[in-house]
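The two complexes that follow have subunit A in common; it is paired with subunit B in the first and with subunit C in the second.
Showing the complex of A and B:
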């Protein structure tokens, strides 16, 4: 059964001076789960984009079922039975699921009209065969993320894929969702389909893979099976050095509450109630984590607390003072820092240089200024200290921040917020989409700053992150706080996952 | 006065006046769905109005006027498309440039071809005739509103229906909607984004060309300077109010046409004429406000 279905030989790909793939070879056997792991920028996505026909390689060849193939566009790859499920779903929000699946692959009738009935029947058949159940007539924008992923998988199956590439499929799922996905993957491989999994989550790799290929800096550093390795060895191959996933925690004193939220209600941008009568408090020196499925109201809650969204009702008290309607600028002056979820659009100005970005939001609070103009010297000094203390890799602080990698941008933003003697930090998804080394670094900084007595309100869609860092965990479900749990070693992902899905009250 | 509001003559005028706005609005709706913001529609309508007049004059045939109008509409789309889709210019800047130059361009051509200023009237310019539909005689009130309209008015109705079907029942419409919704997903589905953006532009050009043709060849058989007088802008508004849905955009057009028809009727009353003539535009703003009332409470920061 295990014939080699896909082979890549000596693939090279350059983007200008950057080498994304250097002599990468890969053999994938039919009916197996083949994981490709590596840090961000290791060349995983480039390799997959070459295999799925989006990029053309500068050198090397691809063989499908022993036959030499050249892909000019994604359609050619689709015809050879290769289908890719992208990390950012390639779906049309305003269209129905059925229309999404038909796009570019329309079944026609009467010489030109869409034959929705026939398509729906064909899709239902495929979905049933592989154990998926998706509502075809609903609009994509109405469906939860886990279902959208199923839609994507059914889409590639509908287009006749034999080899299914999944790019970071678990990053958007709850533990239960991940379990469901893994069951689906096992079922698919049992039916003879081949799955290529791109990920950086080592635990999952060990659980699901038959074969593992490790990439580092565009070069293959290992071809293994789960039996002959473990998570630490894989991490070594990925990063090239020892990685400590267990952050160093020390005993610390958690004191009186610093931020109190009472009965807070806020509406989302679509006019629906997203935060429903939420009450909680953050104590001095405490890391309070908020977990929840994306879109459970965490974003709106944070925006309401920081003043980016007017709360409908309720009060926010900070150090005994009512700050419900205080502007973000005043809040910064009161020593509240904020690391937003979207570092590119909210966290920084990609067109401005590092200095400007480092004082952004603090140009008033911190008085980086002479009476009328910005104090360039002090700002540069401050920027240098951030760059140094937060290991930002940059040649010149006058460079645009947009030219840095995601990890370095994030380090700069974290550095900016952490270096202002703030008493409360509101942090959203601090490690989204950045590499293992940077994650480890930022995690340790968060632990350290809480150690110094700073309170941290941490929102993350990465459950592992919340569990690793928090002293206490709130779980949000559907705009409400479903659970308020002390983070003891006994607490496991399954329990939190159930709360996240509203399964436990 | 209330009698005037819903009299047969006002409503019949509404149907007549809705045709050019509707044709252009349907064209704009296709652009809207493909996420092309084409404020230059006004220039399409004006230029086509001129060329339709010229075509009709040259061949002494209204149909050739329509052909000329449509070709000039497509040519305008080509100009817009080359700048916006290939040179990646800002669509608003290009649209405004086209609108501003169209007035001068058509006036210049008018002077060079017809050697007149202000307006062109010539017996060689032929209009489309009215059509009598016997079946409609049997329906009271509605029948007399809809009957005996210009051929182009019926064409406009037909276009609305066909556009609605094409938009929602054919692969072409699906892809147009897909392009506007998510370009990346479109590419991954193996569909050329550029091709369908061009296709939507061509549809806009053809329909705006037909809309321009309505102005001189719907009975009056003359071209006047800046004849479009904001009809293209109204059409863009209608398409946006209808969120690119042909049928909804058409209803928005009917509201504008009704205001337009009223302004003709109201001129007999002692209301300042400037105010009466401004009615369609005031109504545009009102309709925009009303349709977006729901947005008011969403973003309350």
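Showing the complex of A and C:
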């Protein structure tokens, strides 16, 4: 049997009245892949942040290789050989890979100068040992996402990590990229490193893990190996009930186009052309999915359509009317709804309460009884209907939305946009980083609303989501539409994955 | 559950009150140390301050006189800060408002019930016009409004001085005291509420403005939009708020109220425009808004305290040998103390202690 390298005993962590971890114990064996799964708000991230020294626990202890440790800050954890790769990469875009890797861990020559040669040699050695090949002299901004992830992994290895924590590593990758990552993980564990994997994706958990720990509401609900279980059992442990992964789809009639995009070009914030002569149309009652690797121009395309970004050229026609340059206000008045990708900075105001958050947009598109007065009653009525119909878990609608978990914030935003009788919904990554129960719920809502004749433009970085929901799939690659496919049962992930990487033309 | 929630709200409110109390106490301690270090008696100084601020009808009048402009400039600052606009040009906008109101008060003849509102509105419009400069610069050229408004204060001060000379003719007088616009008609002057003091009905105008702004934020769609723009601009754009129009509106409204403050100073206390009449009144507004945490009703109370401090400090200087500047130092210290996030500080120390204890425990093991 492998040695236990990391042990957490009876960890408790409270945030005010909220219990994030309640008597959580975990033991990780050396040279294994240990997956931590659970709903959002189940306390996975809290536990990992405690192990990597970002949070301090209210109770309990951590043992590394059998020795008690107390972390004052993340550097203490690094010294004990614990390294974390965060979901959002923490790299400097304008520096080279080498400079990024040296950051905070500089090899110095006499007199305090950087010894880049020595560092490059050391890093190259480590990379070779663990089977990574990364271009050290290239700027980070020039590298694709999958390579960036490798850079992050090499970074923690270079800092001497024995235990590598990967937080949702597959959410940014293509199917091919995920395969590559898994190979790397297997290679790492073969060399004696230990990997802790945090993820939502049960399929991947089953494929890669040696051990699985399931968390629910801050408590451990299961310690298993993949042989003892299957996806449905795991999902059951996570949410405490049977989860149906098969959303209910019905036959429906798809009618004339409602939104037509013709030859649209838009620039990104950095001044480069991000959307290149894109043309497509969305029909009434249709769910049109847009797949693509992150950063292929989807974000800019959506912003241009909703009016948050000025298109460079081309036209957008909605219900036969040219809306190319109209403001979001006008678009809301014309019954276009939008669920943005970034729910915290764009989708809501974390400092405001639920009512204030729910009436945003509603106050423009629907107006209150007296146009310039806030209809308090109407506002709370609408908020209550969103909370009830979308199962938002909140004690009081006067609570701040920022105090809710990610899944509940997302449900609120989806509810707000879906409850306004919109004719077109633009939805961006509706289930990013939220729990299985909420994912299923939101998926079903999307399918139901399309059934009612609402057109949906769905952009997602989760290929599975696009394939599950869409009637038709567009694949974006490098700012262009690489493929326009009917979503038939024969369509498989591999084909779309190739389009996503620009492999097929 | 409901009971717990109520308890929680009252607890946060209690914490907030405690925070002001602790800050005030600390200010007193620091003040005592400063006064002692100058070789004077803190108790004597405090006594003088109390007598000077609430000790007699005339003292109360002086308090009200100074609380009035503080409320109005405080509200002007609240409007801007609440929406994330750093209008530090309240002082300059006030100068323009005051100048325009003084001219309107002396050059036009109108019945009293019309003359005062006309003066105030003309003052407000002048302040608004001056606020339009940074607003349009920010919108069209993305000029930082903080620096822009800050610099324009000097421009306003000197330009109104120039206008006074121009209006009076360059050789009007060599006497500094006579460099002023003509006296305003009595129809343009507000009534005094406490005889033989400068406390005028402007105080009620100020409270009225604060209440109106409070209602604006609480009950109107526009107020809702203004708040959202300040708290999350991206969210507001996404939600369909016309943020450009909102920006301009905030600037103009803030400028208008600053101008009205100039107007009430003229129609109330001064009666004619003197260059550089209002040393730091605009800055008082900025300080008060930050102490009041952008709450219009809190501005009224803080301003009254502000007025008491100011009135008391004059008395203190007259009767004791303590310098009035001490009070200004203490006012600024108060702003700093209120700005401290005590909760985070407390948590930080608690965590440190926890870790120390853990260490000790470990060593014992």
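Things worth noting here:
By definition in this document, the second predicted complex is superposed on the first by the 500 of 505 C-alpha atoms of A that agree within 3 Å, B and C clash if a C-alpha of one lies under 4 Å from a C-alpha of the other, contacts with A are read in each partner's own complex, and residues count from 1 in each chain.
Here is the rule we go by: a residue touches a chain if its C-beta (ideal position, glycine included) is under 8 Å from a C-beta of that chain, and two chains touch if they have at least 3 such contacts.
These numbers come from a predicted model, not from an experiment.
Superposition of the two structures on subunit A leaves subunit B and subunit C fitting side by side, clash-free.
When the two structures are aligned on the shared chain, A:106 is found in touch with subunit B, with no touch to subunit C. Once the two complexes are overlaid on the shared chain, A:206 sits clear of subunit B and of subunit C alike. Legend: residue contacts after superposition of the two complexes on their common chain; A:331 is shown touching subunit C, with no touch to subunit B. When the two structures are aligned on the shared chain, A:126 is found in touch with neither subunit B nor subunit C. In the superposition on chain A, contact of A:270 is made with subunit B only, not with subunit C. By the touch criterion defined above, A:308 reaches both subunit B and subunit C. Figure note: vertex subunit A, arms to subunit B and subunit C, all at CA centres after fitting on chain A; angle 40 degrees, rounded to a multiple of 10.
Closest contact between subunit B and subunit C, by C-alpha atoms in the overlaid model: 5 Å.
Shared contact residues of subunit A with subunit B and subunit C: 308. On the subunit B side of its complex with subunit A, the touching residues are 169-171, 174-175, 177-178, 181-182, 184-191, 294, 297-301.
Subunit A meets subunit B in the complex at residues 54, 73-75, 78, 84, 86, 88-95, 99, 102-106, 108, 112-114, 267-271, 308-310. Contacts from subunit C toward subunit A in the complex involve residues 1, 5, 219-225, 227-228, 231-232, 234-242, 351, 354-355, 358-359, 362, 365.
Touching subunit C in their complex are the following residues of subunit A: 56, 68, 70, 72, 306, 308, 327-329, 331-333, 338, 340, 345-352, 356, 359-361, 363-365, 368, 371-374, 376, 395-396.
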